[in-house]
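Two complexes come next, and they have one chain in common, chain A, joined by chain B in the first and chain C in the second.
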Partner chain A sequence: MSTLASVVEGRPATGPRAARGARRGRRRGQGWVAWLFAAPAIVAYTLFVLVPLVRTVQYSFYEWDGIGPSPWVGFDNYVRVFTDPELSGTIVNAFQLIVFFSGIPVLFGLAIAATIRRIATSRLAAVARVVLFVPQVIPLVAAGITWSWLMASDGLVNQLLSAIGLGGVTRAWLGDFATALPAVGVIGAWVLLGLCTLLLLAGMSKIDPALYEAARIDGAGPLREFFSITVPSLRQEIGVCVTVTVIAALASFDIIYIATQGGPGNTTMVPGLEIYYQAFVERQVGVASALAVVLVVLVLVCVLPIQRLTREQS
Partner chain B sequence: MRRHSYRRTALGLVVLAATLASACGGPGESGPQSTDTAAALTEKPTCGKEPVTMSAYFETGFPMPKALTDKFSAQFPNVKWEVREDQFAVITQNAPRVLADDPPDLMRLPQVSELVKDNLLKNLDGYAKVFGWDSWPASQLEQLRMKPGGGARGEGSLFAMGLNFSVTGVLYNKTLAERIGMTSAPTTLAEFDDALAKAKQANITPIVQFNGGATGGFAFPLQNLMASFGEPGPINDWIFQKPGATIDTLSNQKAAQHLADWIKAGYFDRDANAMDYAKMMSKFQAGEGLFMFNGDWESGNLDKQMPGKVGFFPFPAEKGDKVAAMSAPLTFGIAANAKHADCAAFFLDWVATNADAREIAVAVGGSHPMGPADAPMPEVKKGTVTAETLAAGAAISQDNGAMDFIANATGAIYAKSWTPQLQKLFAGEQTADGLLKSVQSDYEDQVGS
Partner chain C sequence: MIVGRREAWTGRAFLVLLMLVTIVPFVSLFFTALHPSGTYPAGLDWPSQPQWSNFVTAFDAAHMGELLTSSVLIVLGVVPVSLLLATMAGFAVGHLRMVGRRPVFLMFVLGLTLPYEGIITPLYYQVRDMGLLNSRWAIILPLIGLFMPFGVFWMRAHFVNVPGELSEAAQIDGANTWQQFWRVHVPLAMPAISSLAILLFLWTWNQFLLAIVLVDDPAKRTMAGALGAFQGQWGTDIPLLCAGSLLVLAPTLIVFLIFQRRFVAALLQGSLKG
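Showing the complex of A and B:
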């Protein structure tokens, strides 16, 4: 007993402290194991996200054609981003796109999701869900080409307009200086509407039906139900929708690249596309990097407040 | 919780600092060594007798280079080709990186000046001398010459070669031409204008031309008009970046104004600003336009798709005398650090001089082969587009009327200046005068930097 006791209790310093020490040791060991498990992800993240990010910041202070020598130019590239109307104009275009990429999908998505929920048991609801989600499944390239045919001067859009007596407003929508940006916006709205609707529908399914029942007993109509129960309960989902779509608008590239490539006359040029042109066509890697850094900051500045707003009360 | 996020932040900072430290100093200082002077050769290089695998980088959608390498391998069985293909736009964007990191033995090239500036291309002077390329008509290779290390194009060392040289002009739909009573190709600008007006009256779209996206196809009619009102020399000087050259000349102003008048008269398909090259081709092939400004790279295709229905003529001069047109070699080069440069040079010489190869240049490529002026020409069926483009190519080199394309003046001038300005001109948001002034000012910025 005594020998055993001395073995168990005597060797280590004292009872409770020893136990704490052992626990801490174990925790430290577990910590290392945890890091080990995280290591592959950390390595990949560092290699493919952090290093390129840091490199981009670094390149933004040089004038470089991608191959030859690169003189240090300080903040000149950033000055150019804000003073060259060709570059700063792209940022303005991106903000205009937010209306189409975020505004339309979220507002329409809410209305559509509420409607689908009300007719949830009918077959129409299933059909509507599929139809709305199809744009997410179709490759964007195919969608872009289809839309450019639809919006051509002899395309379906103009045929419909002529059929209802609006022949006077028909035009090549993607080729017209006044309508190209809204036309691209419509394509974006079409793509993102399905995503938002689906997200909001999923959110609605977790709202307690008793709430609606109570509201109905209190005499609330469908509109009142929508604004007093549905919208407040969907705070988080709306937050996700707005975040995703605002990023899609600010960092847009693919839709524009396929539909207009920034034309006509730069009216649909957005930062993402301009970065690509600067880096690979003009070979101004420094300017491209500076614009990329500005874009990252811009996205963060727009998205962080949205995250805060929608999270606070949950 | 708090401690974890601190730790995470700390780790993040350490990683950032480490990457920053390792990335100190400007990027890209260790470029390939300059190969300013070409090694002098005493005898013609060959591909030898040992098995050799050539790495090549070609353009997707154009079967001629592949047809040539296949034929070459049939004649020289020790040579195998490892061919990689991409769209031309992709090649243009990747050219410097590919030439630096993974130097191909033979590569389809965009405009060479920036590549020469970065010492990425092999100086071909030695090969030119030993193979006798120097004795070919000078205009064939003029566009590929440059002073080593940069400067104006058009003179100096040879940095690339052509597989053939293409000619641009006007393609027309013969069926529609008959409907407006046009029985032969117009020979003066006035005759061409007359055909446009007649087509418009007959409710036929006079010109189907792409001008959408990042490639303003109105540069084709504009440059043709420039050469119609003026001389090709000053236009080439501008493209080659000769000191003091300007695009804003009196005859070019007339040309731009004439183009603006065509736009105002409604001679172009009204979708032009939303039309890309592929859409233009499908419209022309569907018979939805009388004229199309394009090049002989489509002649083989059109002979197959619309046999006997399409004609070609070089754009007529204002007074109908000398003919000038954009005409450029289908440019291929050898990377500065290519492993099998000698064999690639031998191949380039074979393409221009071997009878089978010249046959392929015409039959598959649809364009005039490179080589000495008196080299035998392959037989071509009369009345085809190919026959007409070959004849035009011969006429243009006789009149010394070959021009490079105004879109090739600098790397960015097409996408960032000509295209948006021509789109504005079509939309009525820019004047003819303003167009030239704006492009000239962009040009000075780019050449100066």
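Showing the complex of A and C:
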């Protein structure tokens, strides 16, 4: 019987033969063969991600329109990113979107998952698991178009508001200077809520039910249970939800492109879309690249602390 | 587990409410798509004469047949190659424990949080210089590179848990590393590979930014990318736009419903691992 078969069947490979194999394996693994395996992925990644990334940094120090000469301008582009309200405003908008893209899905997701937890194994929950994922499965632009229609002057949102007597509040949500950004935020929240709820629910099902029963016996009510047991146990899952949603907010492009194109005025302009406009419409490659670098750094600055705070110490 | 009846019903109510909030937008889209072209129907309103022909009109106007083909071609170009590259690299880093695996892995992890907008500008000029602008390769090749961080991360997570004895046993039986890889490890990694395949399929099909920047011809884009052009052309004809949107989101929806369980598991694990 081959050694392979014995390993697969779970019987320990015995004695000196195994030891010799182990030593040989260790030596073999450190050879150049491993590099051959990793090389194609490294090449693809370097060519289409790392090289462009370095080039973005390079472009950010020049002024270029994509065709003509490119004079060196040092940090001028970066100064412009932080002082020109059209550009710095996009960063402010992105942070405001975090409130909607992250805040709503995580907080509501927690509350809903906690409420659903007890029926997490029912057939209804199984159906819900499929339904709640649909927003994650469709293209973001489709979500954008759908909600553009829902939030139009005579769209469903206004129809419902009128139906419950709030007819005075109705407006074109995405076209109004004051409500456009929150409206975009709502679209993002809708896309991400299902994912967060399900992630948190999955995490909750891993919590030892004995903890809850002990709390029950001690007389703890549902709120107490929630804050003392549920939330602390979900640190890693909450970390993942926050990370995914923050990145979605900061790097948002598709939804805003299709729903408002950054308007009205500049109220919904986000860094991702501004980079696109600066590079391909305004032909300001240097400025676009500076903003791109700032965006990449911003994402890292936001995500790394979250990871640090919520990673399990294992 | 003792479940209070009231709690179970509150839970059910919330769940139903949440599902409604998720579904109603699509229902509204569907109802609107059935209205006569050029009208502005109000919210949720079943039309007196459903215009099923709108779907046909949208299909033709947007050349959906070409779009479907284009998206399928792009997916076929991206997913198999990405799977192969990521599995091989994950194998090297996670199982073969190559020299320098830590810096290499770190290099990939850095790319996990990279927004595509961070590199889209030079990517455009790079693809232009390669002469690939406006072709499907303009989307395929960069996507393969962009999927490497997550792919390698995902496959490494699998391979790290595979015991070394398996390789050693195969070695003793005379297999070289390549044969070990194909005959032993890839079959074993099939669940991880198929989950990754699902995620990559989704992300490729729904890719928008790369499609609209690097490809001008809507017929060579992804379906999501072409929707942008569709909105530009038919933006004022709401029922037609809604019909077109439904047609664009139908493929992923159908694939999702067929492979539900795999999808949900993959998306959940994908977020947790990423």
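Convention: the second predicted complex is superposed on the first by the 274 of 314 C-alpha atoms of A that agree within 3 Å, B and C clash if a C-alpha of one lies under 4 Å from a C-alpha of the other, contacts with A are read in each partner's own complex, and residues count from 1 in each chain.
By our rule, a residue touches a chain if its C-beta (ideal position, glycine included) is under 8 Å from a C-beta of that chain, and two chains touch if they have at least 3 such contacts.
On a predicted model such as this, the values are computed, not experimentally measured, just so you know.
J.: After the superposition on A, what does A:Val33 contact: first (chain B), second (chain C), both or neither?
T.: Once the two structures are laid over each other on A, A:Val33 reaches chain C alone.
J.: Contact-wise, after the overlay, does A:Thr310 reach chain B, chain C, both or neither (first, second, both, neither)?
T.: Neither partner.
J.: Considering only the touch criterion stated at the top, classify A:Trp190 as touching first (chain B), second (chain C), both, or neither.
T.: It touches chain C, and chain B stays clear.
J.: A:Thr146 in the overlay: touching chain B, chain C, both, or neither? Say first, second, both or neither.
T.: In the superposed model, A:Thr146 contacts chain C only, not chain B.
J.: Have a look at where A:Thr245 lands relative to chain B and chain C in the superposition and call it first, second, both or neither.
T.: Neither chain B nor chain C is touched by A:Thr245.
J.: Have a look at where A:Phe280 lands relative to chain B and chain C in the superposition and call it first, second, both or neither.
T.: both
J.: Just to be sure I read the superposition right, which of the two partners does A:Gln159 touch: chain B = first, chain C = second, or both, or neither?
T.: second
J.: Taking the superposition on A as described, I'd like to know which of chain B and chain C A:Gly66 touches: first, second, both or neither.
T.: In the superposition, A:Gly66 contacts both chain B and chain C.
J.: Between chain B and chain C, point out the one touching more chain A residues.
T.: So, of the two partners, C touches more residues of chain A.
J.: Considering only the touch criterion stated at the top, classify A:Thr230 as touching first (chain B), second (chain C), both, or neither.
T.: neither
J.: After overlaying the two complexes on chain A, where does the chain B footprint on chain A coincide with the chain C footprint?
T.: 46, 50-51, 55, 58-59, 66, 154, 280, 285
J.: Tell me, which parts of chain A touch chain C in their complex?
T.: Interface residues on the chain A side: 2-4, 6-8, 13, 17-18, 21-22, 24-25, 28-30, 33-35, 37-38, 40-42, 44-53, 55-56, 58-59, 66, 112, 115-119, 124-125, 127-143, 145-147, 149-150, 154-160, 190, 193-195, 197-199, 202, 209, 222, 236-237, 240-241, 244, 247, 250-251, 253-254, 257-258, 271-272, 275-276, 279-280, 285, 288-289, 292-293, 295-296, 299-300, 303.
J.: Mind listing the chain A positions that touch chain B in their complex?
T.: 46, 50-51, 54-55, 58-59, 62, 64-72, 86, 148, 151-154, 172-177, 260-266, 277, 280-283, 285
J.: If you look only at chain C, which of its residues touch chain A in the complex?
T.: 1, 3-4, 7-8, 10-12, 14-16, 18-19, 21-26, 28-29, 32, 40-44, 84-86, 88-89, 91-93, 95-99, 101, 104, 107-108, 111, 113-126, 141-142, 144-146, 148-149, 151-152, 163-173, 177, 181, 184, 202, 205-206, 208-209, 213, 223-224, 227-228, 231, 238, 241-242, 245, 248-249, 252-253, 256-257, 260, 263-264, 267-268, 271-272, 274
J.: Which of the residues in chain B end up touching chain A in this complex?
T.: Residues in contact with chain A: 12, 15-16, 19-20, 23, 26-29, 31, 92-93, 96-97, 100, 114, 117-118, 120, 211-214, 270-275, 411-412, 415-416, 419-421, 423-424, 426-427, 429-430.
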